[in-house]
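Listed below are the structures to be examined.
The same chain A turns up in both complexes below, where it pairs with chain B and then with chain C.
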Partner chain A sequence: MSQTLRAPRASAPGRRSRVPLRSANSPSSHGRSLGGPLTAVPWLLPALALVGVLLVYPFLRSVYGSLFEDNGFERSFVGLDNYARLADDPIFSRSLLNTLMWVVGTLLLPVLLGLLIAVATYRMRLGGVVQLLVVLPYAISGAATAVLWNFMLTSDGAVNQVLRAVGLDSLAHPWLLEWPHNTIAMIVASTWQGTGLNVVLFAIGLRAIPRETLEAAALDGASGWRLFRHITFPQLRAVTVVVVGMAIVNSLKAFDMIWILTKGGPSRSSETLALTMYRETFRLFHVGYGSAIALVLTVIVIASAWLYLRRQMPTSARD
Partner chain B sequence: MNRIPSPRTVLMLACGLLWLVPLYLLVVNAMIPAAAYPGEPSWLPRDLALWENLRTAWQDAAIGDSFLNSLFYAVVCGAAGVVVAAMAAFAVVVLPVPKPTLWFWVIYSGTIFPLQMFLAPLFGLYADANLYDSRLGLMLIYAAWAVPFAFFLVRNQMATLPPEVTEAAMLDGATFRRLFWQIHVPLLLPGLGAAFIFQFSAVWNDLLFGITLSRSPEVQPVMAALTSLNSAYASSGPPVILAGALIVSVPTLLVFLAFRGLFLRGITASAR
Partner chain C sequence: MPGSRHPSLSPPPMARRSLLIAATAGVLATACGSAMSQPAGKVALHGDNADWREPLAEAGRAMRSAAGIELVPEVIPSLESFEQVVKSSLRTRKTPDMLKYWSGYRLQDLARTGGIEELTDAWEEAESAGWVDPSLRTAFTYRDRVYGLPMNLTYWVFFYNTEVFAELGLTPPTTWDEFLNACATFKAAGITPLHATTDGRWPAFIWFMEVLSRQDPDFYLGLMNGREDYTDPRAERALTTIAEFAENDWFTELDTNHTDAAASVVHGTLGMMPGGTFMTANLMTAGGEPGGNIDAFVLPMANPDAAPCMIFESSALVCTVKGPDRAEALEAAAAWLRPEVAGAFSSTLQDGSPNPRVAAANPMVEGIVRTARERELTMLNRFWELGPPELVEATVDDLAGFLLNPSSARSTLATMQERAEDAWQVWREAEQS
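Let's look at the complex of A and B:
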């Protein structure tokens, strides 16, 4: 029996060699004691049932549903019309623009600030305290952060109060009521929450750089920006890949903050794709159209994650 | 060395304090008596009414019920998801499954997509199966949602165990169940813990499933309740809302401070 079982395993690609029992040179004797292919069924079944019924099936159903005009009660097949409509929908274009702003903003603010704070507090007296203060908001959930920033950003909120108190009345804005201030303000709010995690991750990366590397560079006369640019930053590559990858995927999925602060408004001006899908499907009952938006979002998420990782991973580790 | 702090230190401490300002305002303004809120954020603590505000949020605004709901969802579904995922990882790594890579991708695919991709059909499915607005319904989706990432995490760890561990136990005549519970689970406890803490936070912080698949206060998870509190109390002023935000932050804050190492382990693995 072990012989028949080995056939599919032998044809498996190389990455499988990380799984000990499947490596080509492991002794064949264990196969005898492991039983037939059905032994694994009860172990695999709960996971497959949960994921299959509640995630994979809805996923496929969404893809299929995006080909229908569907108001929740009756539906008719319209082929790719929903996708064609997207191109002419000004709300969708605005939503796409906001989504792009979220991605760019998240890369500029939390990622860059996180790197800056991590490098600046590296081996600094009280550096750990600063890091803890910055990471504290991360432990608060997105919804609570949103509620707090609603209080900060409303027209008579703390931000405007401070601006007026220091004489910058002209800068005080109804932050959440005008585009593009609302999107930018919400990106700032999520920066407040998200930067800390990046600081911690970059700090872990910095600690992993061998002291000798930095000392050798310093002996060769590198310091300040040059030391950072040519020595420190290249050594942070692995962490940077993780942080940037997370920033891209998470900013594409941003929902909680926007839903609580503006509900995507006013007049749908601050919606991102995640919001537009939700509103079309569950508020306006354009279920098919909403599914099309969900699929567009999914394709963007997967394409950017894939392109990014493909570029960043060294070829040897890519498989 | 020198006593005078460098500009860098001063700048960074200022940065840390700036970061603290919203949290400070959160606590200070959650203390003001709701009726006496001046209409603008207060910068100094006055009249300690924190306890009353917390109680109003907990009881009258029904944060309490949903707090307990979410605690239940997060603990039970986090644990169930991790166990189910560990079993699947065990099957894929140790047992002779044909095409393990296929199963890996089938299960793992659940973690890549945005939740929006599942929502509409799930809503339909739940409406048909009478699971809409029920605890069981939310628990099922939370458990399923926990599986893919936990599976990914546990599988990677399990694959690093030396095969001799399994072989020795098999030679001693251990059944799969014994092998799993008495060899793999104890050896992988830190990884399982990381997966659990990650899922606990994910379920606790969930808003999207909560507002989509439930409506009544008895079923709603805590973030959905906080959101309705935010809109319902908008007129009467922020102290109660902020008190609610304080309440819902406690569990994740405690988990984070207590298990920072495990927490970060889950996070860093999530991006790979």
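Let's look at the complex of A and C:
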């Protein structure tokens, strides 16, 4: 993008006709203007209206709503009280911790596992088949995955039955009933479903690495871990940026699996911020408090996405 | 467009205008029309339970023959989504005409929004015809006015397998000691005696409700109506009793849902399952035959000096003020308790009926009704319907925490009391306003 914008200024006037670089608003080859700076506005309006009505207005409305104590029917202005309450609310603290566990877990498991499976299989003879098997769960909806994992994780479920069958009774556990086991078990279930997409993305990245680069490295004596660490992985950087970014956002908005497996319980022990927001707003009708939680979640999502992309994007663009 | 290079491809101005008008009209019709309005002679009834679709349709057919109006069941199969739709739409013209709602405080909560119709006249007509049990009226009343009509009458009982009881030499317990003996006998026989669960959240209150009401029914009512404290020794005694059951290892794993528990009772791997008679369908699906290999008893009183009681649950038929077919909805409500309509509903649902003239849906329900009448049991509304909904929603989570950690009785009750103080204050302030 920056190259496109800089190119006309850097080029000599004589070269302009051979390299017709110009932006949408720059003069045409006949020197006749297609319109002033406002020409694009009508074309932008539908998109702006959509974003404004569906995104910006609800966001601002939530910010405003978070300043009220609101039961859905009556409300009174309380200023920043809802935010002060967050600090003292043990359920919010647990929810924040669970959200953090989801972020870390989703970064560690599906991303690393996805990379590992992609690297291990992309040159295998039946690698494509293996990748297909890993990708299959991605085609199942989150809700269906949760129902499936419910059969696995209940006290009499498949996981405990297998553990007992192989003599590992001591490892059998009521997985969904106790914290932090319930959150960890759900992250594992989410990993089962989400790893496949990461495998596909990493496999695409691996295929895009020029063969010459790898051959040159091999001639220089690199192999195994050194080849991966210094040649393959750096070449995957662009894909990794996407995969990690998606993992962060997905983990922050985790909802369906938790809702179906535990409804955030027992005793609200497995709620994430998204669930706490939903329960406070739509079950307990603490609409103002729920809006405050929504705002905190929004700030976390935007801040983490911005910090991450700010750190990654310029470098990857130079690459 | 004047000066256009392709005038022939452009639609004539009138055609374009007509198109725009048609499109705008279409959008407006979609946006402003009452999407939920039914054709004349039909009225939609919205509920949260998919199992009620067929019983409602059956009642609707009976109503069409009896009163010339048909009920069309509409199910939003999620308690959360249903309540969200109701509360967010009640003051708009898009609200459903009729609702299957909860009785008690949840109905009061809805009534005080002004969004639902008063049905006192319909109740009194039904009562004078002998079509409704008058003792249920308070559960549907807010400020001396009736706002809902009872749809079903669920009795909260303990389901058991008659064949397994017979094998173990047990009879349905009529005293608390006999009940404890039955639990011990099951345990000794290697069968888990009792079902307890936190699955689905709400069932966490079942044991607290059952034990507390049998130890002290007056205190149960006082506590549920905000007149007593959770930190009272009587509440602690109830939790201590439950903790003893847990310590005796009498409970199933707490993630055993009602469907699986019902199947376990039928297959003889679970001794007794507390539940409402609306769960009869689960037992039948698993191969149980109510009145045959499956039956139910009312949990005996732990305190024999207290007035004997049992828990009931009754859903409310509600008409909204702003529903698109309001007049027909009121007409349908007036016909709901007619014996042929209420009978068609309860026999399809296999549950109890609020209309005493309706025959019992099965021998098991018949036995429960007979027990309630013979022992003159006081009917107490369920935990879920008593107290501000916001408080109940929070305390079920506290009780789930207690079931998972039965040594936390005191801290659980202290937390519940804190919540109760806040919630009752808000409720009473709203009452005054």
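Side notes on the structure shown:
Throughout what follows, the second predicted complex is superposed on the first by the 259 of 319 C-alpha atoms of A that agree within 3 Å, B and C clash if a C-alpha of one lies under 4 Å from a C-alpha of the other, contacts with A are read in each partner's own complex, and residues count from 1 in each chain.
As a convention for this text, a residue touches a chain if its C-beta (ideal position, glycine included) is under 8 Å from a C-beta of that chain, and two chains touch if they have at least 3 such contacts.
Note that this is a predicted model, so its numbers are computed, not measured.
Contact with neither chain B nor chain C is seen for A:299 once the two complexes are overlaid on the shared chain.
In the superposed model, A:136 makes contact with chain B only, not with chain C. Look at A:218: by the touch rule set out above, it reaches neither chain B nor chain C.
In the superposed pair of complexes, A:171 makes contact with neither chain B nor chain C.
In the superposition on chain A, A:112 makes contact with neither chain B nor chain C.
After overlaying the two complexes on the shared chain, residue contacts for A:267 are found with chain C alone; chain B is out of touch. Once the two complexes are overlaid on the shared chain, A:156 sits against chain B and chain C alike. When the two complexes are overlaid on their common chain A, residue A:282 makes contact with chain B and with chain C alike. Measured by the number of chain A residues touched, the leading partner among chain B and chain C is B. Of the two partner chains placed by superposition, only chain B is touched by A:44; chain C is not. Taken together, the two complexes place residues 156, 282 of chain A in contact with chain B and also with chain C.
For chain B in complex with chain A, the residues that touch the partner chain are 5, 8-9, 11-13, 15-17, 19-20, 22-23, 25-26, 29, 39-41, 81, 84-85, 87-88, 90-101, 103, 106-107, 109-110, 112-125, 140-141, 143-145, 147-148, 151, 159-163, 166-167, 170-171, 176, 180, 201, 204-205, 207-208, 211-212, 223, 226-227, 230, 238, 241-242, 244-246, 248-249, 252-253, 255-257, 264, 267-268, 270-272. Here chain C touches chain A in the complex through residues 80, 83-84, 87-88, 113, 198, 200-201, 204, 253-256, 260, 390, 393-394, 397-398, 400-401, 403-404, 426, 430, 433, going by the rule given at the top. Residue ranges on chain A touching chain B, taken from their complex, read 5, 8-9, 12-13, 15-16, 18-22, 26, 30-31, 33-37, 39-40, 43-44, 46-48, 50-59, 61-62, 65, 117, 120-121, 124-127, 129-130, 133-134, 136-144, 146-152, 156-158, 161, 192, 196-197, 200-201, 204, 241-243, 245-246, 249, 252-253, 255-256, 259-260, 273-274, 277-278, 281-282, 287, 290-291, 293-295, 297-298, 301-302, 305. If you check the complex, the residues on chain A that touch chain C are 71-74, 154-156, 174, 176-178, 263, 265-269, 282-286.
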